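Order of writing sets the labels: A, B, C and D. Residues in every chain begin at 1.
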């Protein structure tokens, strides 16, 4: 259990920086609004842990531009309306230099109008493509989108010559926006959705939907868009019903936890994930190997907990800004924004990021690896 | 004596509203105050129903959702003028309330709670599922409020608008509760049969006040939507309904000013607890329990009684 | 001449016959008492006539208008008022407001006029407050004007109910055991009060256990037993009726 | 399409049984105190989470599971003592708020202590589905259904045949009278809370292999349990179970035949209709208020 009444990392940051006899200058304020509780806690929790970890870490190393960092964090409880209020607080009251977060698309979108108005560099951790399309001046997100996920899966299906698939998405933001993206791009791959079902993120049995899918003629594969416990239960139900079709999951389940929950039923399931999730199996030649390895090591030492790709996204977005600030040599918001947009070939846990004025996301289709469960562990699928 | 006494609190509220802008250090606090004002109006309407008439509604957030999304959807997808959308939302909420009220108010106690809860959840599910219009769980942006070519923007403007609405609502509520209509409502809370035998058509009164509070909620839903510039179905979910009831009960049932106090405190609380790092939930729960144990009738009535004054 | 006529009314609660085939008539301006042992069905009869229950059979007419099955608030509109055996006071209001509610039907109930406090409505409301306070004095509650209902003693609350009923300006007033649980002094006061009410031209139907009070007030008496009508008549007739003595007074004698 | 129908039915019964277990908890407490305990779902969550925690901690099942039932039972009694007793007789709404407060505390503590991840338990009798006329059912579902059935019988016996049970019922009907005949109503209150907390926890353990669990699993159970209890008719054990199964089955058929997007709304629509025609639920007692 962590220090309960710790207002922000600020106090410790000062303590640390003074100990290292670094100049205790005016701190650089890192703002963040994350869904640390509520339905999206599963995403927000590792994101917050990652930010706390690296803010402390940088402070131990003497801070940034010789100034300590102070993390000001608020938990929106997965409620977009609260996120909006907290964003206002970060901008107007805490006067932060940049903002990381907005765990869910809803939270992010409710904050966007405010950051655009105030002109604060904003790195979203949300999944939906609407965050960066159309491009918004101050809004970036160096984390994969649901469209990339959809296209990546469909590419793989096409390669295996599939033309008729069933889509099963959760009714939360993640699944619904994923569903919309999938529906919009399937055509490109000559694939049709012969079944299109949904399930509630807290549902405890999806056999009715799966029975319908099983009874739909011609289904060649099942594509599941969701995260958390839903996909695990689904995978068990598929096994229970004796459905032999190949199963694909979007990004968000590629974790050991999923295998633990789904048990033997997970065998053979395919899912998207960044290199991070198979760090130990990456070949030494892989450009992402070192950064991924470091992140995993640091996170597991500090939190005695497994890494998740969402924490990894927090890492990438945070350091893209840190680098931008270094290059800008100041925290002048406009300068920092321009430098973020000028990010080239940044290697993160989620892939290689190259921002442009027209692309505030900067990842390509191959940033997500196609994994498969083989004898109870994730391996890269052939 | 009644006159001055009755409006004492009203003057107090007016004074507070007048001086607040001078004390507010920055935009965040202004934002907080505006949200308090919006909630206060909603809670006032809900208190007329729960506190005065004694009829619980656990689905009121649903009506807020109707207003909020009418305001977001109609102008965005159908090019309605915002004001028309706001009225349409209120009308929709009112009609829905009127339509379900008769059967619902044959129910009592927990059965009524259940029915209203169900109503709210159904509305919420519709808002989540009709993603084509509502943007689904992620919600959607809302165009600014314009009327006769004038656009409301800037929190200062919203502050005065919300304050005006609040003042009128408080004034009207006080009047209402001290009128034949209001007495009839309170009477049916005290004893339905007693109210009936003196000529009160209790069903009609329950329906009327239910519809009224639904319309209140819908209107303020629209205001919230315009003010925040964004709506999500979370605005209409079960949790929000409970939040509102909590404001009513903590502030004080059947107390106009209790509604205000409840709204102000419980809107500020999450902001105050925001820095508790994962302990917010626990802290919030503990505070709720303590409030109910030490002032079961709610803050304002309990304090009023302590100070020997009558209930406002 | 007849104000209330009850024609062979019965009420059956899932199988149990609480009231069976009761008929009687009450003339204007009199005090009519219904007596009988506990559980004889007197209160049920009241509930049937005042619309709280719906009769299983039979008809109730007020001034020739059939009201059987009409909801209580419609009977109130016809000038029927009542009090309750076990108190039905609104403890969430103060004493005076309880009486003011009684005048409900005589006031402007418009919601908007109320919300924006139209002068006319406000004025009328102030008058009603006056009137209510007078009524409280009339029933002997002068000490409780402006008191909160939940702070008042039982005896006072009984009268408060009477005041509330009177605020309706009824033609026909049903009093369900107004003296129950009162001490002799209070009982005497209520006795006088009922007389005053009757003299003011209100027809009173009374359920009461206190025989002294019944005998000294009533013009006519109906005796019930086991939900059935035993006899009906003047005080003297009742006093000397063998069945009554056997079934009822006998038990007390 | 009988196999399909049967599959939906099995699914509905599986979900419904979990709702029924939740509803039973509401029933017990309501019978003893007329309180609707919105923290009931949290006890179910506690059962599951603690079972996971203790087994992960290496305790053998025979130790872990009783502990996972005992601790919530104690928590229940504590809740009654600390939150309900001080305000007994308060307005319905006030009591609702207090129990909601309690549920927040429990949920919050678990979230801080055991984290936000989801967990599962191994099924009691293996993961091999039972095939029947083309439909399949997990053995664990039978466990849940069976135990719920046993609980209903046990509760019926308890409330109608044992002195303690009758004492509880008496208290709910008329606290004062109960005290007059020498029933310790305070004790009855603790008793009922720890009993329903314990049962809830037991249910939580049983369903975890099917539904998985996490710190916020209680919200859903609390809501659906309340719905089921009301539909069945508050205070009626059989009604609670029927209500639970009904809601579950309607959801499953809704998802299967109508729309998976609206499957959660369908039961509520039907329930509203049921209440319109049966204002006290399916098995609720009709009360004519004496005046």
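What we mean here is this: a contact is a pair of C-beta atoms (placed from the backbone, for glycine too) under 8 Å apart; a residue touches a chain by one contact, two chains touch by 3 or more.
Please read these numbers as outputs of a predicted model, since none were measured by experiment.
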{"item": "Lowest number of touching-chain links that must be crossed from chain A to chain C", "value": "2"}
{"item": "Pair joined by more contacting C-beta pairs (B-D or A-B)", "value": "B-D"}
{"item": "Whole-Å separation of chain centres (CA-atom averages), chain B against chain D", "value": "31"}
{"item": "Euclidean distance of C-alpha centroids - chain A vs chain B, Å", "value": "36"}
{"item": "Separation of mean Cα positions, chain D and chain C [Å, integer]", "value": "47"}
{"item": "Chain centre separation (chain B, chain C; CA means) in Å", "value": "41"}
{"item": "Residues of chain A whose C-beta touches two or more other chains", "value": "4, 37, 171"}
{"item": "Chain D, residues touching no fewer than two other chains", "value": "111-112, 261, 264, 291"}
{"item": "For chain C, residues that touch 2 or more chains besides their own", "value": "52, 84, 88"}
{"item": "Chain B-facing residues of chain A, complex", "value": "2-8, 36-37, 73-75, 77-82, 84-86, 88-89, 91-93, 104-106, 109-110, 113, 128, 130, 171-173, 176-177, 180"}
{"item": "In the complex with chain D, residue positions of chain B that touch it", "value": "50, 56, 100, 103-104, 106-111, 113-115, 117-119, 121-122, 125-126, 129, 193, 238, 242, 245-246, 248-250, 253, 278-289, 292-293, 296"}
{"item": "Residue numbers on chain B that touch chain A, as the complex places them", "value": "26-29, 31-32, 35, 128-129, 131, 136-141, 224, 228-230, 232, 234-235, 239, 270-271, 274-281"}
{"item": "Residue ranges of chain A in contact with chain D within the complex", "value": "1, 4, 37-39, 41-42, 45, 171, 197-200, 202, 204-205, 207-209, 211-212, 215, 228-229, 232-233, 236, 239-242, 257, 260-261, 263-265, 305"}
{"item": "Chain B-touching residues of chain D, taken from the complex the two chains share", "value": "36, 82-83, 86-87, 90-94, 96-98, 100-109, 111-112, 223, 226-227, 230-231, 234, 261-262, 264-265, 268-269, 271-272, 275-276, 279-281, 289, 291"}
